[in-house]
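In this document, chain identifiers A, B and C correspond to the written order of the chains, with residue numbering beginning at 1 in each.
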Amino acid sequence: MIKVENLKKTFGDNEVLKDINVEVKKQEVVVVIGPSGAGKSTFLRCINLLDSITSGHIFIESVDITDTKTDINKIRAEVGMVFQQFNLFPHMKVLDNIMLAPMKVKKVEKEKAQKKALELLKKVGLEEKADAYPDSLSGGQKQRIAIARALAMEPKMMLFDEPTSALDPEMVGEVLDVMKQLAKDGMTMVVVTHEMGFAREVGDRVLFMDGGYIVEENEPHELFSHPREERTKAFLSKVL
Amino acid sequence: MDFRFDLIWNYAPFFLSGTLLTIGLSFAGILIGTLLGLVIALGKMMRNKWLSLPFVCYIGFFRGTPLFVQILIVHFGVVPLILGQSNGIVAGIIALSLNAAAYIAEVFRSGIQSIDKGQMEAARSLGMSHAQAMRYIILPQAFKRILPPLGNEFIALLKDSSLVSAIAAPELTYWAQQMGAEYFKVWEPYLTISLIYLILTLSLSAVVNRLERRMATE
Amino acid sequence: MKKKLSIFSLVLAFILVLSACASGSGSSSGSSASSSSGTQKKTLRVVDDATYAPFEYMDKGKIVGFDVDILNALSKETGYKVQLANVGWDPVFVELKNKTADMSISAITINSQRKQTYDFSVPYFLSTNKILVKKNSNIKSGADLKGKVIAVQTATTGQAAVEKIVGQNNPNVKKFKTINLAIMELLNGGADAVVADNTVIEEYAKNNPGQNLKVIMDKKAFAPEFYGLMYPKGSNLRSVFDKAINTLYANGTYTKIYQKWFKASPDVNELKAQQK
């Protein structure tokens, strides 16, 4: 479903991604871990071209998104993204946050978009917040709304960049629960996170990134209990 | 001091028509200046240096030269070229709009740039085009934030409209000058129009304040 | 000529009058315009309103202008020493009436009304408004200005003359702060005619032949005005100064001063013709 070949990314002189090769299959949940500055966010942002890539290719359902002929807005509409800082639209009510993109990008009719939005709100357990403004919500609630907003576009896959890192500990659970449910429903997901419990429970595969490379990848239990690389061991000893 | 209210009364019809023209000039200037200012702000923010250069120059020119001179250039240079003859009101609207646009562009730019980058990224990640993201996400938030400085620009524009009296566009200041010249009086005409300008600017800022309150989300 | 009375000059005049009131009262009073029989000619007190550039105005605290140069030339010619005091427009008349001053030179138009109270010299300046139009214009007289857009300079006799024809504050009269702008308006098609003082208009038309302009004179619509030295009634300075004025006409001094201030040549014959 996602295929990354020889991906390189530099910011000025700083080579952040050095040679990334990954494949993500349909309905797979891939968890990305690694120290700060490893390039995890950059990797994720390259997948929907929020950062332009320096060289290499990325295919989404066999379409080369790095090809200049590809309609990038169409690709992005099919790839949902959830940010660490939520990035809800503060000037819109929750319902409008969710309805906007389907209406403007996919030209969904208002009634349909609204029906869908309410369904999604129910799914993330926040129906009663439909008419609230984002600023009145807690962090956990905001992130659940952000997930609902991404889902409203009916994406084929979802990218999560540390979705729980900005949350107070007691709110992490509610967001992870939504994500677990998503995984169960068969969503293809790439998740950058430090929540090892989540990785163990729903991850099909874990990628360990460091210094712009994918240093090691394996099935979660295997990687956590028998890391092969020294760098992986050093990192895990700090976080586990 | 004998303040001659009767002389003001003689000129009341002229002050009235002058006030209407001042309002008209300012309103047109605000409208065109805001639209043009937005375009110029977006132009200046283009990543391509060569494409943004004309907009940078535009702002530099209109902020860096006296409005009075711009009015003369537009009146005697630009408008005759377009209409075949000079026209004080048309020239006034054009010059005021062009000048205000430069200032308003900078207000827009600072407003747009003050919006968190994450907003644009979130919008783009949902598949919106740059233009859609600007229109539905960035500009509404930026607009709310720049309303106070924008209000200041509007008020400045309203007062600057007095400069078009130089090209005999018969607005408020023009009639004050005529009255002063006719009766050899200073205070009667100029205090009168000051009061009118004050009422106009206070009304304008009241409108801006109301807009601000209406746009504030709970 | 340019009877420009801008707001600025009004304020200036106000300040000057105030300062004159504050300082000048003690010094130069008590002069009377009676006997000048002795060999020692007395110093004349000459008053003016120094707000009419280029006739008389303040430049760095000094009164300068066309009238001032004429006065100095006359002083040399007659042997009278003069002391010029800027007192303001209305005080000029009060002082001459009270004979606290001997004479005034202040771009004062000679008219029959004033002649009843004061004496005047022979005219030393001719002022008349003329019409500046494009060569192909169908405006031929002052009356043709009706219904046309006319550019003038605010607060000039040109404005007054035009408004007498078309009505005061007629929207067709565009009033500019400087004559340059009014002429520009004509050149750019925003006005059909400019009405202003002859010196300005003729000068412009002459120096810009490429603009295809012509100057129209209408003595009926715009009556010429003559400026004179003004004295208290019965002053015996008249004949001496009249003679001196004619000397200035004859020896070219007048023309030289005129050209210095107006960059044009005076119509001396017309001025002399008025003396008959």
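Please note the rule applied: contacts are C-beta pairs under 8 Å (C-beta built on N, C-alpha and C of every residue); 3 or more make two chains touch, one makes a residue touch a chain.
Because the structure is a prediction, the values reported are computed rather than measured.
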Quiz item: How is the touch graph of the chains shaped: line, ring, star, complete or other?
Solution: line
Quiz item: What is the chain whose Cα centroid lies farthest from the Cα centroid of subunit C?
Solution: A
Practice problem: Determine the chain that sits nearest the middle of the structure, using the mean of its CA atoms as its centre. | Solution: B
Quiz prompt | subunit A and subunit B, separation of their C-alpha mean positions in angstrom | solution = 45
Quiz item: CA centre of subunit A versus CA centre of subunit C: separation in Å?
Solution: 86
Quiz item: Mind pulling up the subunit A residues that touch subunit B in the complex?
Solution: 48, 50, 73-74, 76-81, 83, 85, 87-91, 100-101, 104-106, 133, 135-136, 146, 149-150, 153
Quiz prompt | Contact footprint of subunit A on subunit B as seen in their complex | solution = 116, 118-119, 121-129, 132, 136-137, 140-141, 144, 217-218
Quiz item: Can you list the subunit C residues touching subunit B in their complex?
Solution: 5-7, 10-11, 151, 154-155, 159, 169, 171, 174-177, 181, 184-185, 188-190
Quiz item: Okay, in this complex, where on subunit B does subunit C touch?
Solution: 14, 72, 75-76, 79-80, 84-88, 166-168, 170, 174, 177-178, 180-182, 184, 186
